[in-house]
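Residue numbering begins at 1 within each chain, and the chains themselves are lettered A, B, C and D in the order written.
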Amino acid sequence: MGLSSITNLKVRFQECDPMQIVWHGNYFKYFEEGREDFCKNNSISYLHAQQHGFATPIVKTECEHKLPLQYGDEFEVETTFINSEAAKMIFHYKIFSSKKLICTGSTTQVFTDKNSELVLTNPPFFLDWKKKMGLVK
Amino acid sequence: MGLSSITNLKVRFQECDPMQIVWHGNYFKYFEEGREDFCKNNSISYLHAQQHGFATPIVKTECEHKLPLQYGDEFEVETTFINSEAAKMIFHYKIFSSKKLICTGSTTQVFTDKNSELVLTNPPFFLDWKKKMGLVK
Amino acid sequence: MGLSSITNLKVRFQECDPMQIVWHGNYFKYFEEGREDFCKNNSISYLHAQQHGFATPIVKTECEHKLPLQYGDEFEVETTFINSEAAKMIFHYKIFSSKKLICTGSTTQVFTDKNSELVLTNPPFFLDWKKKMGLVK
Amino acid sequence: MGLSSITNLKVRFQECDPMQIVWHGNYFKYFEEGREDFCKNNSISYLHAQQHGFATPIVKTECEHKLPLQYGDEFEVETTFINSEAAKMIFHYKIFSSKKLICTGSTTQVFTDKNSELVLTNPPFFLDWKKKMGLVK
């Protein structure tokens, strides 16, 4: 189970390519906007991580496209935090437009410390956040 | 087995984000540049597909990051065409910089006809190309 | 004198560069979003122009920066249509954040016909729109 | 009079918009690539400025478009440093493709110190560079 948030966006002209559809790489901008919204709504941000001495680099991204978006289309990004025991932040995304599923995707972030070394256990600030959100006991 | 090509590129300033590294979504630009290079070198392009009445939309993308790229870094994209029996164009990518593996990724394209309908069998022009390249008998 | 509209936006993470500020070229995305909003609000769009057989390519852009925008900043784009007798669409832009002027800019568009030839007199659909908006008698 | 350099580039697919031409804001990426090339060739970079305690934010950009570029077009960016007495770095750009002039443009940068305050006189490192290049006595 996870926590979710919804972000409403609209396709910008220059996000579309010569095929008249949103260029595939731009969906990661939409996912990011969904993720940032989620983090803001749930009081956990990359700035927050930085204050505790951690960076949260993305180590994996993926997207599966079902239908294209076109210029002017309005859509919503459903961002879901996937609760995992690993020292990772995993988000799943679904984009809908006119109630149709446009694409699904995911991103995985890890924690690195001030020496840019990978951290293998969950940082205390992250565990505290999980507790506050009722994701761990 | 597959066919490969190498594309040499350099990180542009505005491809980097406030973390001083290439923004994760920009790797799909590099993959695209690798794929277009491959297609040009091997006489098969999206324009080529268009002339035969087909579009080749991307239906899946993924990227796994090992190390970050920074402003000014020179790197090479190794693009490999994955020979599959399905009516798909699958490419795998590896990016190297200073002989270190930066990331791996893949893209999957399908064929759609003039009515934007998915084509389930390999279009003749694509089979002809595969024969020419020695990928099918 | 001119007509104006206001568009509210927020800086996306990947619109910022390694200097931690919005990369200068990205302001033209914001101007475009302002212009498209203006056009939608005032029933004149590039799709509208297309239906009448015209394209409206941008022939000139400029931007003067006063203060930087950073990740997460909220801002408004004030888009003003500049009423000119020439066969051109000229827009001026001002971006404000926390009531401070961030930058000013402009874009100039011309009309081209179906043969991509420059049109030197105002197309009828554009004159009709101007009349409707009270910009010409 | 000024110093110039030439940078050879090719239009990327995702730099083109639904009008099948390079989106106007992307020309500032090309200008930046030309400017960075110039700076590298002439041993003066933004990193160089940083080492001396200065940042070089862009305060003005402009571009005039003569002809469009399309996907796959090869072109060259001619970058010229404009020698001015003011404490500014001004570059002019011309883009050519198949010997035709595509666009002209310019960028203006100022110097700011470690407190982000505008510097009104040329920093010593910049004057030294100008002398080395024969631009001042």
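The working rule: contacts are C-beta pairs under 8 Å (C-beta built on N, C-alpha and C of every residue); 3 or more make two chains touch, one makes a residue touch a chain.
The structure presented is a predicted model; accordingly, all values stated were derived computationally and were not measured.
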item: Chain of greatest Cα-centre distance to subunit A; value: D
item: Of B-D and A-B, pair with higher C-beta contact tally; value: A-B
item: Distance from the mean Cα position of subunit D to that of subunit B, given in whole angstrom; value: 31
item: Whole-Å separation of chain centres (CA-atom averages), subunit A against subunit B; value: 24
item: Subunit A: positions in contact with at least two other chains; value: 13-14, 25, 29, 32
item: Residue numbers on subunit D that touch subunit A, as the complex places them; value: 13-14, 16-18, 20, 23, 25, 71
item: Complex contact set, residues of subunit B against subunit D; value: 12-14, 29, 32-33, 36, 46
item: Residues of subunit D that touch subunit C when the two form their complex; value: 19, 21, 24-26, 28-29, 32, 55, 57-65, 68, 107
